[in-house]
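Each structure below is given as structure tokens.
Below are two complexes that have chain A in common, paired first with chain B and then with chain C.
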Partner chain A sequence: MTHYVARRLAHAILTVLAVSLLVFGLLQMSGDPATAMLPMEATAADVAKLRADLGLNRPIAEQYVLFLSRAVRGDFGFSYRHRQGAMSIVIERIPATLELAGAALAVSLALAIPMGMLGAWKRGSWIDQAAMMVAVTGQSMPTFWMGLMLILIAAVTLRWLPASGGGDVRALILPAVTLGANMAGITARLLRSSLLEVLSKDYVRVARAKGLVERTVLWHHALRNAALPVVTMVGLQIAYLLAGAIIVETVFAYPGMGLLVIQAITAHDFPVVQAFVLVFTLMVVLVNLAVDLLYTRLDPRIAY
Partner chain B sequence: MSCRVRRSWLVVVFPLLVVALVGSPFSPAPAAVPRTDPNARLVVAQASDVTTLDPNADTVVGNHNVIDNMFDSLLDRSRDGKFVPSLALSWRYLDSTNLKFFLRANVKFHDGNPFTAADVKFTLDRILGDKQLASKMAGNMATIKQVVANDDRTVTITTSVPDPELLQRLTEVPIVSKAAVEKMGLEAFARNPVGTGPFRFVDWRKDQYVTMERFDGYWRGTTGVKTLVWRPIPEPSTQVSELQTGGIDIAYQNITVDQIPQIQRSGNRVIGIPSARLLYGVFNMAKKPFDDKRVRQAVTYAIDVNSIIRNLLNGHAYRINEPVDSQTFGYDPTVTPYPYDPARAKQLLAEAGYPNGFQTGCEARVAFKDVIQVVAQQLAQVGVKCNIVVDETTVHLRKVTDKTMEPFFLWTWANSEYDADSVLYHMMRTGQLYSMTSLPALDALVDRGHVSVDAAERLRLYHQAMQVVKDEAPVVSLYQTESLYGLRPGVNWQPRPDERADFMRATKEPAK
Partner chain C sequence: MSTPPTSAPRLARRGLAWPRPRLGRLRLTPGGSIGLTIITLIVLAGACAPLVAPHGPVDQDLLRRLQPPAWAGGTASFPLGTDPLGRDMASRLLYGARISLAIGVSTVLIAGTVGLVFGLVAGYRGGWLESLIMRLADIQLSIPFLIVAIALVSVFGAGLAKMVLVLVLFGWVEYCRIIHAEVLSYREREFVDAARAMGCSNARILYLHILPNVVSSIIVVATLQVGRMILAEASLSFLGLGIQPPQPAWGTMVADGRDLLASAWWISTLPGLAILLTVLGINCFGDWLRDVLDPTLRTT
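Moving on, here comes the complex of A and B:
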């Protein structure tokens, strides 16, 4: 087990390195932050001075090595927009994004588990068809559009919830539903097919033959065994949730990492973008590792 | 007799008095004066949050929209563009490089400290020399050589060369409290600013809101609302939704032309004013065929600007005759725009040796991709075939500064200094960072205007320069964009022509 965790952590470091190189290269290609930062009245000398101050006039390889050597010490540089360490700016926003991701995950599971179970339990019935239709609709709608529609219905028309903002539970509901509903579709469909497979197994037939009520069969015997692929999917979807948060946070002006990084990308605030991407990559890698370790709890046959 | 006279006098005067006091029974009832709530909370949304609350740190407009409500500058601009006193009561040029300011007495900062000349010196010195602050305003103040506080009430600013735009630039320098910055330190001050402005700082929750409240000791009087809140809402659709729900009272600029009907249908108002941002078609005169004046003129004749404004922008832009708008110092009212005349364009192209037109690259940044497409269609009518290139903004900026832009491109310039020098010097002076122009006759005029502090002479020089630009056509002056603001019913506020976010006089009616 220890060996396995160590190996996975080594893979994680390689992944983070590869991502850092990719992000660094892409940002280099996408424009000059010095001209974007300076007022239009700036002279060529002003631009050259700022480039020198930011180290942008050094060879690209040197800039990357310098960046990496600082990054391992947790120093991702100084945000020239915020006039603050880039890492501290990203860290400030992590709790809000985790709150959103957590709430969205809860919404997703609250929708997906009943839909998936109903679909499998009443396979072929109108209930199954309705549940799957809802699942596919949620999955197909772009989060951006769904967010705007929810604002139109719940905020503008019904006046139940605020259209945007952060800082309280009411402001969290619409973004969480937008992200969660989108994710619920795929989870519901996966749970349904996984349950259908499990429900055709011999041990389920035996359980029914023993006279157990359908609810007990479904909840105690089938669901736990059908949950393994669903847990894998949920683990993978954490990355999707965090990425989706970028769009959703922008639509709802929700004060998390997503909103921060969109503004940093627009302003070519390199240090913040780099800090965000590496923190994001680390979060995804660690969550996937946690999910793998969770398998051993769900299925005692699995051991590392 | 006397009694009768007195009575008859009363008979005449009394009804007149009644009419004067309560109004004639035959005149329409006076319009109800809207009641305003002095304790109102006004919520304004813009696209981005502030990144610092230190007013001397940078030139980001989104920051200054918020911050400037808590500070004053030495002088200000009136709605008709004239310099008016603010913290300085008056000023006088001692000679071409020495400018003396006479400061207002009895002005207090929000922390209770009095405003003195030492605060002015401290503010300018920190912009120019504080390495930790590394102010991005320093470039604008680069001509300042020395600031001397002669006594508590007078300051002399010495420039290294005559700088005719110094007064304008000083309107954009909020004066900070020396005592507060020294007591708090740089970082704490950037989170808890102390100024002399109409509102004092209360709270900043990053990416959520900045709250400020009326400063009761404000020297200019009292504000129309008690609390002013700024909220960042990047997505324009969400901002409009918040306006509809009452989540915000004013949508500050971040709305698009196609959202106007939706805003108005929901009972809200839209105000549009000419912005400081102008759009040009720029020729790279170093590249063929635009080194030929006739080709540049031909392209100018071939672009139907009125049609673009009417059909593409639904009328939400203003045609410009020359590279500056009519509010700008140096504007020449005698200059007329090139008319749309495709026949004349073809004739000029033939004279220049292109009877069948030519092919060229036409570039624009994403925000103007529709405009460049329409321009390309119009140019195709006279035989000029455009290969359209559309860039992301920062790539576009880099290509301009690297001079690697296509031979013809669309370019915007925000002339917030309201002085022709800003456009002519930075955009058309040979060798400048954003210039694709090389006209010695224009350079000579612009150079003289750039260092003269004689307003009459400068006006004459710029009028001559506008005639050169008209004749040589180094750019196509297209239009002035419009800034849009959405307002809730019951909110009374008028944007300033220079687009400075000033909410001192904003009022709000009580909630019904």
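Moving on, here comes the complex of A and C:
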């Protein structure tokens, strides 16, 4: 078990390092920051002085270490646009994105669990086929387009909900439904196949032979065991949920990290993009690590 | 490897040629035939775009901007209406099919080739090369592709080549892992031992003895991945990180109509519908293909 945790931890650190190398490499390839930061009329001496101040004349490996040590302290320089530390701008937006991701996860489970259960319970019936058709359609639908269609129906035509913004629970509904529905399809399909497998097991036959009603068999005997692979997948999907939030936030002008980074790219605000990429990777890596460790807890049969 | 006895290659060729697909066994299910029909229609639309499109995909006519589709009060010369620059929606949608399909298929071909080679090498060679490739794949899997796209585009700007690069970078892992796992299981089987004993070279064993066994998995993964690549391309283009205007990419077209949802719904709605139909077709067809070719892959 200790060995397993150590290996997962090493993998997490390796991933973050790989991404930091990517960000650093891109920074190197993007041209000389000193020339970009100085005004057009700067002399060669000015450029040389700034390069020395920034440490740009040192060997590349040393620059990378310098970059890493700054990154660990959360120092990515100042945002060109906001005149504020890039890191603090990104961190300010984290709660909003987490709120959206959490709400979306709730929506996705609320849709997927009944759909998957109905599909497995009434296997082969029209309900099953309809549920699976809905699931495939959900998987095939572009998230951003679904968001726009929800705006068109619920906000523009029916005027039920606000089309954009944040801070208000009502403004969270449409983005959460968009993001959650997109994931519900995969979860429903997995739950259905997992349930079907469990329902063919001997202990389920025993439960039925005892004369238990189908509802008890399904809820008490099958669901708990069928939930295991689903829980793992839902955990792994949180990473994709966070990535999907970038798109959904852009559609709904929802003030989270995703909207921030897309605006930063348009404004060539590179420090903010850098800080975002590293913070986001760190979040994803931590979620994946937590899921991996939790999995061993959930299923006592698994030992590492 | 020592020189093989002269009769071995001929023997292998006669006994162990690539299997011929037995098409007689393929029965289309409703889902499979719906998928195949949609794919055929979209491919035809893309291929025949220059012949059937009423206007050029980037021809502007500012006097006829924001015209609704023909059934909603528009004119027959612009059957699906026009966009904010007076470009014909129908023509742009037809040409957009070319972009989506070209990117979907080309990224899958490149990613599939890279993943196939890496997977075969990692599985067959083993050793440090295997560890390196598989660790690389693990790292790649734990970073959402959107993040790399964002990092890349923020430095170099958006463009077709960069987008293909990002998509390939994230597509190859899936093939690599599946092929790696399959090769591992075949590597120690008797028929591979026999081939080796007959003096076959490693390349020959991989090509003639192992590859035919993994090819059906590759076809299934590739088909389903075309749909995901099309979705990813559309998302990037929608965010402004992919195909740039005035190219008629479906994702870009949806973005064009974002601010006009209340007054001109068709601009965003129709290209999105095109994406949905295309990907749905590919997914239905891919699911059917998986059930026929490789039922062991069925996980969801």
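We adopt the following convention: the second predicted complex is superposed on the first by the 251 of 304 C-alpha atoms of A that agree within 3 Å, B and C clash if a C-alpha of one lies under 4 Å from a C-alpha of the other, contacts with A are read in each partner's own complex, and residues count from 1 in each chain.
Keep this in mind: contacts are C-beta pairs under 8 Å (C-beta built on N, C-alpha and C of every residue); 3 or more make two chains touch, one makes a residue touch a chain.
For clarity, every value in this text was computed on a predicted model and none was experimentally measured.
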Please indicate which partner A:Ile246 is in contact with in the superposed arrangement: first for chain B, second for chain C, both, or neither.
-> second
Of the partners chain B and chain C, which touch A:Val156 in the superposed model: first, second, both, neither?
-> both
Which of chain B and chain C A:Val47 touches, first, second, both or neither | first
With the two structures laid over each other on chain A, which partner does A:Leu148 touch: chain B (first), chain C (second), both, or neither?
-> both
Which of the two partners, first being chain B and second being chain C, lies in contact with A:His11: first, second, both, or neither?
-> second
Once the structures are superposed on A, label A:Arg189 by its partner contacts, choosing first (chain B), second (chain C), both or neither.
-> second
With the two structures laid over each other on chain A, which partner does A:Ile262 touch: chain B (first), chain C (second), both, or neither?
-> both
Go through the superposed model and pick first if A:Val285 touches only chain B, second if only chain C, both, or neither.
-> second
May I ask you to decide whether A:Ala86 touches chain B, chain C, both, or neither, giving the answer as first, second, both or neither?
-> neither
Intersection of chain A interface sets (partners chain B, chain C) = 30, 148, 151-152, 156, 250-251, 262, 268
Could you pull out which chain A residues touch chain B in their complex?
-> 30-33, 35-44, 46-47, 53, 81-83, 92-93, 148, 151-152, 155-156, 159, 162-167, 250-253, 255-256, 259-260, 262-263, 268
Which bits of chain A are touching chain C when the two form their complex?
-> 11, 14-15, 18-19, 22-23, 26-27, 29-30, 136-137, 139-145, 148-149, 151-152, 156, 186, 189-190, 193, 239-240, 242-243, 246-247, 250-251, 261-262, 264-266, 268, 270, 273, 276-277, 280-281, 284-285, 288
In the complex formed with chain A, which residues of chain B make contact?
-> 48-49, 51-52, 54, 57, 59-60, 134, 136, 139-140, 190, 205-208, 231-235, 237-238, 241-242, 244-245, 247, 392-395, 397-398, 401, 413-414, 417, 422, 426, 432-434
Listed in rising order, the residues of chain C that touch chain A in the complex are 135, 138-139, 142-148, 150-156, 227, 231, 234-235, 238-241, 251, 254, 257-258, 261-262, 265, 268-269, 272, 275-276, 279-280, 282-284, 287, 298-300
